[in-house]
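Multiple structures follow.
Common to both upcoming complexes is subunit A, partnered first by subunit B, then by subunit C.
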Partner chain A sequence: MSLAAQPVRHLATALLLLLLSLAPAFAEAPRPQERVENFLLGNGMEVVVIPDHRAPIVTHMVWYKVGSADEPPGKSGIAHFFEHLMFKGTTNHKPGEFDAAVAEIGGDQNAFTSYDYTAYFQTVAPDALGGMMGLEADRMRNLTLTDDVIATERDVVLEERRSRIEGDPQSLLSEEVQATLFQNHPYRVPVIGWMHEMEQLNREDAVAFYDRYYTPNNAVLVVAGDVDAATVKRLAEETYGKVARGPDLPPRLRPIEPEQNTSRTVTMADPRVTIPGFAKYWLAPSYRTAEPGEAEAMDLLSEILGGGTRSRLYQQLIVKSDLAAGTGAFYDGTALDETSFVVHGSPRGPDGLAKLEAAVDAEIVRIQRDGVSADELDRAKNRLVRSMIFARDNPAGMANMYGAALTTGNTVEDVQQWPARIEAVTAEQVKAAALKYLKPDQSVTAYLLPAAGTSN
Partner chain B sequence: MRNRLASSAAAAAALAFLMLIVSLPAQAEVRIQQVRSPGGITAWLVEDYTVPIVALRFAFAGGVSQDPPGKEGIVNLMTGLFDEGAGDLDSDAFQTRLDDAGAEMSFRASRDNVYGSMRMLADQRNEALELMRLAVTAPRFDQAPIDRIRSQIAAGIRAQERDPEVEAGRRWLAALYGDHPYARPDEGTAQSLAAITADDLRVLHKALFAREQLEVAVVGAIDAKSLGAELDRLFGALPEKPALRPVPDIAPKLAQRIDYEYALPQTRLRLAYPGVARNDPEFFPAVLMNHILGDGTFTSRLFREVREKRGLTYGISSSLVNYEHANALVIGTSTRAGKGGETLGIIQDVVKGMAEDGPTEAELADAKKYLIGAYAINNLNSSGSIASTLVELQLDELGADYIDRRADYINAVTLDQARAAARRLLGAEPAIMRFGPAEAEEKEGN
Partner chain C sequence: MSLAAQPVRHLATALLLLLLSLAPAFAEAPRPQERVENFLLGNGMEVVVIPDHRAPIVTHMVWYKVGSADEPPGKSGIAHFFEHLMFKGTTNHKPGEFDAAVAEIGGDQNAFTSYDYTAYFQTVAPDALGGMMGLEADRMRNLTLTDDVIATERDVVLEERRSRIEGDPQSLLSEEVQATLFQNHPYRVPVIGWMHEMEQLNREDAVAFYDRYYTPNNAVLVVAGDVDAATVKRLAEETYGKVARGPDLPPRLRPIEPEQNTSRTVTMADPRVTIPGFAKYWLAPSYRTAEPGEAEAMDLLSEILGGGTRSRLYQQLIVKSDLAAGTGAFYDGTALDETSFVVHGSPRGPDGLAKLEAAVDAEIVRIQRDGVSADELDRAKNRLVRSMIFARDNPAGMANMYGAALTTGNTVEDVQQWPARIEAVTAEQVKAAALKYLKPDQSVTAYLLPAAGTSN
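Up next, the complex of A and B:
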């Protein structure tokens, strides 16, 4: 179960870019969608309902406000490993019973872990929603864990690490970059964990993690699809509502980054690589940590600089010159703490990496010096804002969007007001964000190179 | 944890509630209208105004298997050029207008088809579809974009030259399909790409983009009459008949062993067995049997034996592969160095058990319930996925009432039929590929 140990953070950002809008400007459809509802159960569990009656499908998700960045030191991977263990049966349901109940109705279920959250979901027909809630509420507190189950499932997550990371130079390099960019914050530790620590995870670690974090007052229920808020409320009260509130958890204060005053490089050479590539990373504020308007400006900066085929990097380095085979920018604002802004590129052949990197740097300097034009800012805004109309077409995607927002310190209102805040960003703010955060002497540059002696 | 359990009233409540689970299958409420344009072009439409968008999907017969010898990669290259200039608009002008129209356009090729899609805001439909019309009927194939996209594809080919995963895939296809077009890489080779001219692309476009073997589906905020007019606008100027190169049917070569040594942390295993064609009367018995064998994500026999009981892998699955000219049942997994032999042995035991005894009555009943209920969830969860599904149904010639009939087909499968499908597919000697560290280097896993 599991999936998305590492990539989920990226996925989450893509989703944020697709943030849903229910702003009146877009409510011109003949049958407008119902409002998103948001309320609390008596035990402190937060609930979000996103009605969409087009297909007889409902996505049911429970998001816990705990991820790998909340792990105790030395126990890397416990959040993700524990996510696997949540499928191992409870005092009320034997192992496999939950999966069988989902399969029997043609449903789909899985889970994923990221730095800031862990989520479990089922997609089923609406009349099965109550049953899914019953099973999910049950495993919130009644999990049974034997040493036998732990040992076998630990082998599975070790295989997952080998599959996702160990056999892939790019993934190994990304881990090292993250550990270099974040000098103090736990985002430096991979979500799936370091191999040597994963090997030592045990039942005691799992039980401690479960008892601390898996409580209704640390969870968000998100239901999207063919259902109404009143029904969800009734079902939630009959299931989750019966789970006792846990002790209040302290605020999620992780170690923060010290002042960074160096540019660092991380280089990996591998015989499997023929064409080199680079990526440059900066620390950047997230939607939770940013000054008002800054994260929005970073989203627009990312779109204008490297958001697609109309971006500056693509046009200058691929269309108007032949410096790059691929290039782009990426900003990940859906995070509880300080996050990263990235630019990347690879040339069209074995040579030309230094020239390409210099050209990418020059495009950044150009924005820092001259800013962005009103026209390109408008176009970037339009692309971000309209992506939210398209996002309304996929209820499961919307559930992901709200879940990720609410477990990284944002609210339903934040999500809904995002388009208006994007619209309000000025060209001056985009330039200021580039100047403030993309400083060459506070960056980490990653190089993936062919192994020495294997040149073409 | 025990203390909490003892005092948990929630457990009892949750259990009681579970008794109320009703396992009615999701009934797709997708109402398909069959639209025929004044000019005779047909499409399937699902009209829906909940979200102010329109999703368009279509497919022309003839995918990358249409690449002429020596010009491999041309179909894939062509799909990269439809937003690079059309009609009077050069690449930059076309993309600027597309951006202004708030529409997203994409093209891609499979082995057997070229697919186009567009997602547009309903109030900008006119401009969006005008750009799609130009792309489909009047692509420019200007030299500069050809050279640019070609060099990006060539860089991708070069970047993968020493990637053992890509090499493993190449060897696997070569072993199964020999010199059949299905063995060729979709993107071609550096040499074949270099040989492609703008005229080659124009000839290819004319040969593939024709009305006769075109399937169209539209979902969203548009009515049947408007769609009829749009169909003629979009496709009316295309030639009637395509000029397709014949592609022979091929049975993948089984009963062989492919070993590819590479020092990796894991050993990958692939097994190929005979498949079953989409129009074969035994298709649904095979689908149900395969679901039980290895397609049920967390419930299949392979998942249980290899992952759940033994922790040998993160992922294992079996799938039925259906191309226009070839079919197969393929199993894939990966395990740590030193466990390749053991894992292969377990897979083969599971396969043997299924081939000899077939599924149980209970497994078959569960698989039926799953496959009936899963259809809406997997295929009808957004406008885009509905439109894609409707295009595939048309390509498979299944009829607009297929979604209603599908459950009957599944329910009609008997245990004997499922057993026969298991014998037929899994009784054969498979092709087996083992890719990873050398056997001699294998040590007991850590």
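Up next, the complex of A and C:
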């Protein structure tokens, strides 16, 4: 099992999954020819342009600063449901026209919803950019939201929940882990929504959500690829620039977590499970909420402890012993509010779970007690920063990094300074972060077990 | 330890604790001379009069249909904080005048806040009733809410939280158990509030809360004791009747629980703990949400399994073996939404926790498999119904039962029919309730341990 390998917080497309696996959080500073431009339209819409002329392709993304954690209580799922509704027709374009336009030119498009943002993107040839912007600007305000459209698409997201969550013990377990880890913050509610609340979502909810959040001043346009800033600016003014500014929204202040004082477990035993596994979660600061350097230290801690085959967990538990079939660590610092740090493992053979968990715990204690070596810290820094090279080679990857940063309280400068901030982290900071955040008596441990019954 | 013996959901006065220990949920049908009268004032305020002329005393209560589960997200503690503010001055009476008026006549007064309601009461001689109603009606609308009053009283509730919760491992554990048991419903948030949110409560929050909820049409007046309905009606019209009707509030629809699929544990180890213990919680229907007869069956199940010295847990684990120093069961059916059923135990000696838990689990399985005997069901019914006799002897107890019922979605008739509905429960219904609700793979188990470290 690899609970953490599944990005709990994303209803991601295959593309996003790929990007996440490449890009822990932010990008390396762009090369000189990739000078990023950042400006506002008159109606408050933020624009980021990331030129990259190596291939005749452009990724066009619109990010809305609204995700499932902004939903009203009792209306879980409306953010993701709305993402689906955006693919229906508008007063200017029939349902399917947008899809057909992209398909006709051999482009690709999709969308995704997370706790903190909702994003729409197309990857097309540069000369199609203006058309994409016209279509995207159109559906920002002119969507046709009839009861019929609502009812039909609600059936689609209900079926999506049935097949992706209800049919998958690991997904069900992940939901209840989040609901246990977050006692107060809306990150405890699944992005796709609770079934019984999704069933009640209606036209009134959709219209209220659309009018409040789908406005130019609540959106970020990110264009990356074979295009220049002047062209993007002109096209953006002709399309998005014509959309009226929406209401000024209050700051995104969600209920935050109280001090936590317990260790918790969440156990699911299900006949459909073939490989047992565990995952241990701690609350951790995000890039937005952390003290300076702490989120960077958490990224390095995650890399040193469980980031791939060079990590301590992999080396100790798979290479040097045969305790684990799989193991790793995961930290997602790209969040508006407090996030989580996760370690996970599945034993080799059905009986080694407790022993494996103890061995993973021991690796954490070893870092908390002895710290990390200068050498392994350097190598982890290199791996993290180098991993950005892959992302940088892909306009969609760059667009994704800037969009996620700008919708979770960070800036273009934060993205650009990230490699330098990673380089500046000391071994002492990594040890301090492990001590401060990975406390055994304030963790939540998930157990996924093959047979019916309870764990321990 | 006896987690369940502490009414998690009440910030109760000594009086309320006494009443709860006497009165599981509702009262026996009143005797003929205790004909209950129930009517509305012109402004929508509901009135219940429970005459009882055996002693020259009267209990006057006003119940507001608002509790902590009605608070806006991020404003936890405002309902209880507001209860405190109600004891400050009004435009007509200086701070302390109400207290002094009650004390002068040798009366008693207090207030309490729960998830679903907030109540204020005085017990006085009958000729003081009119004066009490005047003072209570006055503070329903004329409270003086200055920044000074807010700041001073906020310090008081913060100190209350520090001493009652932060200073008590069992209370801290109970909070996190509730936050784990309820994944979506606001019952997961403590009545007293999370410290970091209480610190931010301000005058604006208090005024908004007052204007929305402290209105005659959101209140129930309950008068019990040496008084007749005509007198109460006349006095109520002269006092409460003069208060303008407030806004019509929408139905109290809180986010409800999703289907739960895991078993969870919550562990606190603290050097201040001397006696270990565990408590196992299940979600359970309340009298308002249950199918007909189910809540009554849960009350009987609780009584048979763990209600006092005649119960199975007590007999098996204390009398026939020496596994437990304490054990019992608890069900609180008086709630607007889904509530909980709890079993708990502390071992005799420091090492018997796991063995005791297994023995408690075995008693539950025994009921689920073999049901309960006709004889023990009859005796449990008698104990429950007879326990009402004590409550009935006390006007405050009667007032409390009617007030709690009417502010959690029940009626005067529900209270009066309760004994008959208890009598009608069959052994099969008790067994069915145990099977339906006490599932081991959907429970939350709390462990309170003496030393630092984690459990299992």
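To be clear about the criterion, the second predicted complex is superposed on the first by the 418 of 456 C-alpha atoms of A that agree within 3 Å, B and C clash if a C-alpha of one lies under 4 Å from a C-alpha of the other, contacts with A are read in each partner's own complex, and residues count from 1 in each chain.
Keep this in mind: a residue touches a chain if its C-beta (ideal position, glycine included) is under 8 Å from a C-beta of that chain, and two chains touch if they have at least 3 such contacts.
All of these numbers come straight from a predicted model, not from anything done at the bench.
A.B. asks: Using the overlay on subunit A, decide if subunit B and subunit C clash or can fit next to each other.
C.D. replies: Aligned on subunit A, subunit C fits beside subunit B.
A.B. asks: For the overlaid complexes, name the partner, subunit B or subunit C, with more touching residues on subunit A.
C.D. replies: Greater contact footprint in residues on subunit A: B.
A.B. asks: In the superposed arrangement, does A:Arg392 touch subunit B (first), subunit C (second), both or neither?
C.D. replies: Touch partner of A:Arg392: subunit B, not subunit C.
A.B. asks: Considering only touches as defined above, state whether A:Arg234 meets subunit B (first), subunit C (second), both or neither.
C.D. replies: Neither partner.
A.B. asks: Angle at the Cα centre of subunit A spanned by the Cα centres of subunit C and subunit B: state it in steps of 10 degrees.
C.D. replies: Result: 130 degrees at the vertex subunit A.
A.B. asks: Check whether A:Arg369 is in contact with subunit B, with subunit C, with both or with neither, and answer first, second, both or neither.
C.D. replies: Neither partner.
A.B. asks: I'd like to know which partner A:Pro255 touches here: subunit B for first, subunit C for second, both or neither.
C.D. replies: After superposing on A, A:Pro255 lies in contact with subunit C but is clear of subunit B.
A.B. asks: Going by the contact rule set out at the top, does A:Asn92 touch subunit B (first), subunit C (second), both, or neither?
C.D. replies: Only subunit B; A:Asn92 stays clear of subunit C.
A.B. asks: Please give the least Cα distance, whole angstrom, that subunit B and subunit C reach in the superposed model.
C.D. replies: 14
A.B. asks: Jot down the residues of subunit A that show up as touching in both complexes, subunit B in one and subunit C in the other.
C.D. replies: The overlap between the subunit B and subunit C interfaces on subunit A comprises residues 454.
A.B. asks: Mind listing the subunit C positions that touch subunit A in their complex?
C.D. replies: Of all residues in subunit C, those touching subunit A are 73-74, 76, 172-173, 176, 179-180, 183-184, 186, 188-189, 194-197, 253-256, 258-269, 440-441, 452-456.
A.B. asks: Hey, which residues of subunit B end up touching subunit A in the complex?
C.D. replies: Per the touch definition, subunit B meets subunit A at residues 1, 4-5, 8-11, 13-15, 17-18, 20-30, 48-53, 55, 83, 91-92, 95-96, 99, 102, 104, 119, 121, 123, 148, 151-152, 154-156, 158-164, 221, 264-266, 296-299, 307-315, 334-336, 366, 369-378, 380-384, 386, 446.
A.B. asks: Mind listing the subunit A positions that touch subunit B in their complex?
C.D. replies: 1, 26, 28-31, 33, 52-57, 87, 90-92, 96, 99-101, 103-110, 123-125, 127-128, 130-131, 133-135, 137-138, 141-143, 145, 151-160, 162-164, 166-167, 199, 207, 210-211, 238-239, 242-244, 271-275, 309-310, 318-319, 322, 325-326, 346-350, 379, 382-383, 386, 389-390, 392-397, 454
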